[in-house]
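A short worksheet on the structure shown next.
Naming follows writing order (A, B, C, D and E), and every chain is counted from residue 1.
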Amino acid sequence: MTTLLRTTPSTRGRKSTGVRGRPLLRTSYDQDLTLANTGAKRRGVVALVIASFVVPFLLTDDLLQVLALGMISAVGAIGLNLVTGYAGQVSLGHAFFIGVGAYTGAVLGGDPDGAMLGYGLPMWIWLPAAGVVAAVAGLIVGPLAVRLRGLYLAIVTLGLVFLGDHIFREARTITGGPGVGRRGAELELFGIDFASMEPISGLTRGQAQFFLALAFLIVFAILGRNIARSGVGRAFGAVRDRDVAAAVIGVDLTKYKVMAFAMSSFFAGVTGALYYAVIGVFEPGAFSLLLSIQYLAMVLIGGVATISGSIMGALFIALLPRISQFIAHYVPEGLLTVFQLEAILYGLLIMGFLIFEPRGLFGIWTRIRNYWKGWPFSY
Amino acid sequence: MSEPVVSVRGVELAFSGVKALQGVDFDVFDNELFAVIGPNGAGKTSIFNVLSGVYRPQQGSVEFAGTDIRGMRPHQIANLGMARTFQNIELFENLDVVDNLMLGRHAHLGYGWAAAVAWFGKAKRAEVANRRRVEEIIDFLEIEGYRQLPVGMLPYGIQKRIELGRALAMEPKLLLLDEPVAGMNGEETEDMARFILDIRNELRIPMILVEHDMGLVMDLADRVMAMDFGKPVATGTPHEVQSHPDVIRAYLGPVDEATLAEVQGELA
Amino acid sequence: ALVLTGCRSGGDEESSAGPGITEEACPDAVNKDNGCIYLGVISDLTKGPFAPLAVPITEAQKAFWNKVNEDGGVGGYDVNIEKYIADAEYNPEIHNKKYQEMRNDILALGQTLGSSQTLAILEDMKADNVIGVPASWNSAWDFEDQIMQSGASYCFEAMNGVDWAVQERGVKQKVLAIHYPNDYGGDAAAGVEAAAKANNLDFASVETATGQDNQAGAVAAVLKQKPDLLYITTGPAEMATILGGAAAQGWKGTVVGSSPTWNPALLKTEAAPALQAMYFQAGPWGPWGTDSPGHDAMRKALADVESPSDGYTAGWVWEYPLLAALKSAADMDGGVTRENVVKAASELESVDYEGMLPDESFNKNGEPNEVAWRQSVISKVDPKAPTGVSITKEMAAGPTAEGYDYTEPCFALQG
Amino acid sequence: MLTVKNLEVVYNDVILVLRGVSLTVPEGQIVALLGANGAGKTTLLRALSGLLDIHDGAITKGEVRLRDTPIQGYDAPKIVAAGLGQVLEGRRVFSEFTVEENLRVGGHTRRGGLAEGIEEVYELFPVLKERRKNTAGYLSGGEQQMLAMGRALVAQPEILLLDEPSLGLAPRIVGQIKDIIVQINERGTTVLLVEQNATMALSIAQHGYVMEHGKIVMDRPAAELLDDEDIRDFYLGRGDLATSYRDIKHYKRRKRWLS
Amino acid sequence: MTTFLQSVLNGFAQGSIYALLALGYVMIYKATHVISFAQPALMVCGGLFAYHATSEWGMSFWPALIVAVLLGALLGMLVERLALRPMVGKPVFTLAIITIGVDIVLRILANRYMGPDPRSVPYPSGSQRLEFWGLSISQQRLGLIVVTAVTVAALALFFRYAKTGLAMRATALNQETALAQGIRVGTMFALAWAIAGGLAAIAGTFVAATGAGMEQNTWIIALKALPAIIIGGLDSIPGAVIGGLAVGLVESITAVFQPDVAPWLGNNFALVAPYALMFLVLLVKPYGLFGTKEVERV
């Protein structure tokens, strides 16, 4: 039984957040199954949507870009959460799948006259294709997961990152090679060029990309949620918690482990393609262990096995450099330069966060929610 | 009686040095409650593991619902209609009660990953329909109050009941119960006994029961197989098995003829 | 306060003179009455592979502009290169993000380190009319208007190194280029190949990776190929490992490396004897200890530096063209604006390098084949020199570089 | 002598599980603690042996004293060192270890005589000796339970807390466990026994407590409890074997002392 | 043939470094089931301790090595106490991410100390080499191999005969049960980290004594030990040693021969060859060569 993401093997029962929600009256199972199944959730969603439309008009382009990239990586984080959080297969190989997606997107959607391979296909082809190619890569890796457990699997997937790095470095007509890199796919959808510096129907590039990323995130978050709430997501949870028991009740372990990898890689693939299309130029070094770890941090900081947690985690990691930059400028320079401080703070914030809130942002959110649910009576 | 639901012949199972099962033969028939008893380490759980495909016996044949299931993978056997509970609770502890039971219905969902991703339409209809069945089981086992709680934090007795529910949700053709009343007090044991009787009488599912609570076994079982050191030592009605000298020896340890007669007398 | 300044407020940030330039004095200004020009730096300051070089480069550039300010500034402005410094960890993605953060606040980039990194922002730079000083000597930059590079590219430097070795070290048969597979190593290897061809030498090349522990293949290649000349473009530790390893196993020959292969601290390692015997450096200009007014000024400005290195020298020299462009923009209609700086830079035909480089070495006004600078110097190991090397052959171009048809970069960065 | 006064325990800062529990385990006695599933018995034992914080639980009120020393602030190793041993609920053998390694870990705090200690356990449970080189995780449920018991005995604690030691054991072994408890008690070990098998527990205990919803609801000599009608009904099931399980026609209404 | 033997010898020496590092990972894994991504930083710090001892305190190599080991152990304990102890009982992957934070922090501090220059520790007999049968090996590589052998033997004995060794493994398997046996779980963690810190310091010192010494990018070496521990089996001491040596050998042999034998594998395939070997081993043995199989029965 893998215990990597669960608590250390100490308890028969597992700790849980505890506070019981009030029994909420439902009149049909159907209602119970809808996405926003409580009034509070529905109001929350509405508030979020409104906020998303206001934010781009309040912030400068550079911050909007950070947020847009954060939202795009949130899709990758959802993908990682599917395989690692929901299905319990710890993967350090996410960077590899993101890379596969990024290069698929760049090749299919890249400039046909550029120095690197490019076919100039439209976005509605290259984006899903990037996901599909990455998913196929996931399908190939999946069977390994059936044989391996826990950290063995984690390090093997880490091996993928190194092998991938080698391939990316050597496939120069596709990737440009180290120190050179290549351009991502052309960012054009419905005739709108999202990479253009010219205002797009009144919107700046930052605003336009923000909306593009938002739409992308909403679509994939819903897909992710669908997987999570369906029989597939439940089967993932069963495989994670107790795989023998899962098999004995009729869950095909091989099938679901492979499926988890494929689905997760699909999310990684589309993220990779879009992310690096927005970034513009990228080189093979981008898909290193560090990237995998960053995604793992998103999942852990956001909250394991929650879709909204993945999103919060991704935004947090995206904003973290800004946050540490902000704090670093308030600490007097002495022994360390402001940049060293910044880098150290990045590490410290991740640590501090996990130490003080091991359940992640989603845990904080649940606590706040529970508090308000009970308000003005507290339990 | 009619065709057996399960028919086990000459099963041998060994683990590096330990002979867990040797020459095990038995049949279980429709609507029968078949009990397996024996001292610790006799091989009872191993029989369950062989039946559900967790262990692969070195020898012998296992037939279930007309299919030879030896060598089949656990989920395939489950999909043929075999369900079980475990000696150590094996629930999905991070999932809530409803999800645990819904997982019991995994094979009945009838939609694939594509429908799941799309959700609306087929997947949603299937979820609603199956959820209805699960609610029936929740009613049957009287666990309404725990529906939305993660099972990990529930008391032991309730967890045992949920595990039974998960097995029932599979609509099995055969139900294997491994020590369902271990760790329960008298009253809880009675409740469990009642559920077992209801399953038998209302749902008409044949069962194999492994249990150390002799009172329960002798009262409920139609037939009993007693085992020791991986071998069946006696099979028959509760009364027959109870007074079998080998069984008494297995349970009480080596006894002389006089005490044996005494115990037999007491039991009779 | 950078998070907070993310608000879309308009108003005060855009001053009359355009982005990156204010009538207000610089923070901690030398000349309180001057306005302020802000230069950005996007470098590799903490975790990236070039941090050991980039930190001195950045320090030297701060010192350079500080001296400019002490001399009265440029066209009524002081120049500030301290406020907008960003650490991009040698990562194009972060480089891009950092540029987005500062793009409205700077007049030009006083440093943009890394080729793919610079490419990641080049289109935006062009759209913004921002010129930049690279921290490299890449032949590709000779073909970019908005990138101002000083000295000969790695490619010419390598040609000159090989030509020199043929003339002075009796290299006759075989040259082996060991290089990183990137813009730096690739550019140099192309130069080595051209020179090998021109000199009728056998040529072979080996790509190697960063990390001392990853040089076994390179060492084996040297032992197997037995070249008489080894041209290396790696980092210092890698170079020392290769040279030391090959020498320990009996190889003898000449080694020429580009300037990034050198660090004086290598003379304290076990490879020191081998280095002294075989290593030479091809460089774009004289090292730290060279005698010239510019070098003097630099040494004075950086007097309290603990251990001098040629990272400082490079950082210092690179800023001269930018200073020249600012000066000439100041004389134009409209004074110092981004547009004028871009225009001035593209029209520069010479730059006053205070003797560190010949004035005519910088010329952007014409086809690269005509105007690109092709001369470099060769230094030898000299434990007495402050940075462990001193010039053995003065600035010159070898026959290969002289005759090279320079219609495209030696090593194509993606276009 | 172990005394607990007015103990209150909370999990995750919110779930109040013990609500003012007081009890005494006199030196040299066997005390039984009964209670339905979820009453809080295991929680109480965790509180006594310093294992609460690993479950995100905490003592919020009250006092635990071991021979007049308050020990509620101690961590588990310190409590073990003070002579309090525990057989954890649900076996919890080190599954990747062999049987013998498990026993050796059990003797971690024992000073000397480890080999003899292990040998004694083998005498009590011959199966374990047969399986000494086997991986503990592959033992049958009952064998693991024996191992858990054996492991606690190697440490030779002065006070032993037993959490359902008879769980999943065949009747013959239950009898054996019972004998072992009596035996070690006679050798001077004080025992607090949590059991669902009330007949067994009460037949060897001097005193008994019944716990319900985190409170002690009965506190009587064991013999009296054994005679109490409610207790018989609730814990011993079908009274005196008069009826068969087959005759149970309806689910019993829970008799609660508290409700 | 000599080329081959020489590359084996070189690989063996380099593999010793990996073996020491791998042992560090294994120690921490054995007591906590966590893979510590802070090992690179501990190695760098260890090397710098030795550097400081030789260049600032004027010590010679061997005393400096001992100082480095002690300081390294202390640093390991400090890290454990500050960053890991509060997380006892939390999911191990959360802990792994925390070690990454530790690594970032320590490495920045180390870089701050190092500055741009490589720092090297002088080895007594300098760059002298031992020659035999046409092969050659430098003195300090030989010293490294001997030190590795001694360390490994000491650790193996410790785990074989000291009850602490067993207690440490018990802690990793189940903290609560270990506590209930009176094992000081915190002490076990601290001990594991101390040993890991000490091992990393030995590795770091020898890294600083060879080639160009310790510089800001040297930390990457420590990642090579990751395939090593998988090849050997995560919790096995002999496994770590054999895995480390295997990685060293494969790397060295691939570096020398792959460019000629299999050029289609691309440049610098040696960098990923250890991972290729790891895949092969796992295909046959899912728990590495000597790893303990996870026990699972229902």
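Annotations for the structure displayed:
Following the convention adopted for this analysis, a residue touches a chain if its C-beta (ideal position, glycine included) is under 8 Å from a C-beta of that chain, and two chains touch if they have at least 3 such contacts.
Source: prediction; values computed, not measured.
The central chain here, found by comparing per-chain C-alpha centres with the mean of all protein C-alpha atoms, is A.
The greatest centre-to-centre gap from chain D, using C-alpha centroids, is found for C. Looking at B-E and D-E, the interface holding more C-beta pairs in contact is that of D-E.
Taking the mean of the C-alpha atoms as each chain's centre, chain C and chain D sit 74 Å apart. Work out the mean CA point of chain B and of chain D, and you get 28 Å between them.
Computed centre separation for the pair chain C/chain E is 37 angstrom, with centres defined by C-alpha atoms. Shared interface positions of chain A, defined as residues touching 2 or more other chains, are 6, 10-12, 15-16, 18, 169, 244-245, 248, 340, 343. Looking at chain E, residues 89, 104, 108, 111, 173-177, 267-268, 271, 294, 296-298 sit in touch with two or more other chains.
Listed for chain C are residues 46-47, 181, each touching two or more other chains. Remark: chain E residues 3, 6-7, 10-11, 14, 17, 104, 107-108, 111, 115-120, 122-123, 126-127, 129, 136, 138, 140, 209-213, 215-218, 220-221, 224, 251-252, 254-256, 258-259, 267-268, 270-271 touch chain C in the complex. Partner chain B is touched in their complex by these residues of chain A: 6, 11-16, 18, 20-21, 28-30, 32-33, 223, 226-227, 229-235, 237-238, 240-242, 244-253, 259, 263, 305. Chain contact summary for the complex, chain B toward chain E: residues 45, 49, 54, 86-88, 90. Across the complex, chain B is touched by residues 297-298 of chain E. Chain D contributes residues 34, 36-38, 90, 127, 131, 134, 138-143, 145-146, 164, 167-174, 196, 198, 233-238, 241, 244-246, 248, 250-252, 254 to its touches with chain B in the complex.
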